[in-house]
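Presented sequentially are two complexes of chain A, the first with chain B as partner and the second with chain C.
The block that comes next holds the complex of A and B.
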């Protein structure tokens, strides 16, 4: 069932973080959620999950962030949580060219597994992590060009260690996810006879629970 | 197996002193004296497609430990993993394998070859087929069987987690793929493995049920997000309690509940049966009649539908395990309730010790059933 899109609605937005092993997916998530960095994260096997409430354009939303295993093999073990994602974050390490080259296949694989309604306009955000290190291999300009070629994906260069651009990137991620969720709901409502969108006379919403 | 009967095994069941653990475990793995020369034969240096992944993982593997975080520790672990891939060309490197090998290396830090032999045998015995390039059917089978085990021992908890969508695919894969080495520190791993190494490969599933039961009351009050956040990092385990509980679960579970196709011991048994059947075939003319009366000699293909292990799709869609008839005969501590129609119950036949009432009145029968709980 669809729902009315109102100020009072509390959104749960699902975000999936993808990218090769060791690019810093877990670190980025932890820097954003817990404001902490550790150089001793262990490899993620299967998937990890954290949530955070954020305010996007005066709206409170709960981000549900899925951190995934970087070894592509794990995709065969089920990626049930890909479905229903509102935004996909593609990560690479600016000091390892291979991790950047892999972004295309991560994007394609996600679109196959998640099969979103409108794949061409599904929101991705691209993060080049570890800008605090010196040995850069991926130029910002090259990454920017690639992102533009893929239907203008937003691109940020970040450092999970120094907390550079992390907040900013996740705000964009939240915005993109919120737009996607709103579009999905408008779509659902369009195809539902019983629900009418009416922004003035909103249905009472349960404020203490997520509309997932 | 031969090992089961040895006095060494019986003593290991009681307790394994820490200073003797390396030796006792090697004995439990049945390592023989040629292990050093065998290890020498494996290639540990040439390039391999898994190198990059291994190099990314080793600096993140149990680095709180001073041996594992040392340059020597990194080099040894790398050689062990490469030797394993060279020794098992059909298997591949899966993330998490590093933690399994690290656990054996930590224990035998000055005897790399012994660490290898133990880990290699261990993987074959407890993680059969898990490291195939595509292990999805193996893992799906394990997760389905684990769900059945949870339902068998704690139906209320099992219903709740399935209802809220807290499925094992989302939390238990690292538990089973690494046998807890990726989610626990060494002190806990060794405590858990002391029990694992004197049990069968279904013990890890029992331990997972025990983990859920330790947090039972919390889980029952949790929704999906609470549950997944709770298990996102392994919560503080009461290892002693979980071990005692899982040993109890292990002892009280009918074998058919946990039987899996991808189980090294099952595979051994099946092969032994086939060989025995062949021997009989060559000596006895009417083998079908002869074969069927000898207990433990039945091949899966000869079995009636109710005695077979269901196919994977069916295993996964069933929440409840299908218990084989030979197990039912041994389950005297259980009460059997038959909810078929009167006609089936009387005309088709029934188990003599079962209670019979129809499905609709089951809910009203709680007064009758509760005392048996």
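The block that comes next holds the complex of A and C.
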């Protein structure tokens, strides 16, 4: 698999959260990172960013989470950090059907902007937030089916407010991101090996530091 | 400079009207194998003959220029001439591949600093160069890769490579190298063509600002009620609008009573020359009209687009300035089945009436709620008065919110980065080398005039100071505050305060750090830095 990195390698994984306005992107991020929920979050304008160290399969990684603005107008703003993302989290609100229906276009938008090397296998994780509310409009089964149709995206139903499934979802996100990062590195390492033949310069080894 | 006449304010308008936007479109993005990093790098770049452009570059702005928008206009002429030369007539300046033209010098640079340069092949949002006189630029010119603003912008990758070269160290080379390898895939620049075309337009209409434009002003006492009432004559006309504006600019309003009526003048709801009687009539008329519009909104059947606008408004109203007791209990989650607290309902009405009925061309965009909220609060919950203040405000801030059109905001970013390059070259280089020149954290600063950076009661002072900034061409009821660069100067002051911190941070860390400062910045400190930022001061004395 090419996942032959050493224990000393410290990974920084970039995760980007997308989804319609008001589905709870900022809340999910803050619940995961700060274990807090506030009803006073303001609408995200521009972008937000938080980091957290997590342990994934006995490995310590730093998760760098990019929170974006949901309203369409801001979509092309974040292009700079779409690139290099290791995992993309698609969020919807289980009480608003429209937010679920928009997932396809968020996914497409991401793939266009981020242009990952292997779009078909790029890891997405899908979160249906606000399960603490009663007015559900999106059935778990429908969401599940959609996720499966998109090359088996992992799906979780969460509540940022009640901290339901948030930890679990982010563990899966971290795992998916780590896998992606490892594959990317394997790819680029293989690739640069062939190039290196022409170069007298020694290839700096991956340092024992965050690689981002 | 060329002999074309530039229409007044051309630089302030949208690119379509700009006579200089016809730029070559045959961008030769070429994908080249990089022998050092093993990554594909998309290079969109320029020839290496820097000298000819350096000569054509407009001279530094005369120090005596006042900060008025007039002066910006005249600068536009110069700037556009620059673009014309660098970007259009001398087409071979663009679209050349340094790799082809000058393998050696490119390789030299690249081997030192491959990575950030490689990263820069991503179409960065804004990559303006520092102003020509900064020492960094001298360094860049020295390595033969600085070609003036226009070219640099077009050439993201090499320019940034050179910037990195100027500060490259082994450590960050290694760290950033991994990043480049990771981020550079052959497909990296799919959208470059349209992006470049767009950026060219932005550039062609970007006025140039330097720190010489920063108004130096010592803070004075705020205007209290007594002083404010003395500003009116017997009929209720403002005796000297210039004096009032200068007082607000230097001191702000002492309290919300003064502020309430002051804002109506500053924003142009009432003319300075209006009498008590005029305003009474106007107010009555305004009120009647507003409530008619509101009734209409409540009665009409909404189209899908309008309904969408209202949905977005509903989502945002309940998360607007909730920390203010004015909006009720901040911890109330406001479930959709219960009625909104009275003032949130008013806020919803104002936003809905404006975007659905009054000015459907400007649909609701996130951020507008922040302005409407400030209006409502300062008008003490008087819905109609707040609405008309908001209407006037949107006359000049509306462009910032235009959907599909990022020109206005991009121009602001670019001017901001020019200021940073001018004032703190070191910080500029750091930002450029970390791909931070899109300063996304400054997006809300500019869009919301720093409203979220300060505590609410301070942010209203920032508003009134901005609106009262002396502008040379200011006349009664002829304000064009959209061109007001004051917020950029404030942003520059924040950069100045935070530069030490920022210089040790990467893109994400800077974003995170800046976001944690939200609502906590110290206005007095920022204003005092504003003075420090200023290199030479003349402007205000001429205007007051």
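Annotations for the structure displayed:
What we mean here is this: the second predicted complex is superposed on the first by the 192 of 212 C-alpha atoms of A that agree within 3 Å, B and C clash if a C-alpha of one lies under 4 Å from a C-alpha of the other, contacts with A are read in each partner's own complex, and residues count from 1 in each chain.
Definition applied: contacts are C-beta pairs under 8 Å (C-beta built on N, C-alpha and C of every residue); 3 or more make two chains touch, one makes a residue touch a chain.
In this text the structure is predicted, and so the values were computed from the model without any measurement.
Chain B and chain C, once both complexes are superposed via chain A, clash. Within the superposed three-chain arrangement, the count of touched residues of chain A is higher for C, of the candidates chain B and chain C.
By the document's definition of touching, of the two partners only chain C reaches A:115; chain B does not. When the shared chain is aligned, chain B and chain C each come close enough to touch A:21. By the document's definition of touching, of the two partners only chain C reaches A:84; chain B does not. Looking at the shared chain after the overlay, A:50 reaches both chain B and chain C. Taken together, the two complexes place residues 21-22, 40-43, 45-51, 64, 69, 71, 73-74, 76-78, 80-81, 210 of chain A in contact with chain B and also with chain C. Against chain A, in their complex, chain B makes its touches with residues 52-53, 56-57, 60-64, 92, 94-96, 98, 133-136, 139-140, 167, 169-171, 173-174, 177-178, 182, 225, 228-229, 232. Interface of chain C with chain A (complex): residues 33-39, 111, 122-125, 173-175, 177-179, 181-183, 185, 187-188, 190-191, 312, 315-316, 319-320, 322-323, 330-334, 336, 365-367, 369, 401, 403-404, 406, 435, 438, 440-444, 447-448, 452, 506-508, 511-512, 515. Across the interface of their complex, chain B is touched by residues 21-22, 40-43, 45-51, 64, 69-71, 73-74, 76-78, 80-81, 98, 210 of chain A. Chain A meets chain C in the complex at residues 21-22, 39-43, 45-51, 64, 66, 69, 71-74, 76-81, 83-84, 112-113, 115-117, 135, 181, 184-185, 188, 191-196, 198-199, 201, 204, 206-207, 209-212.
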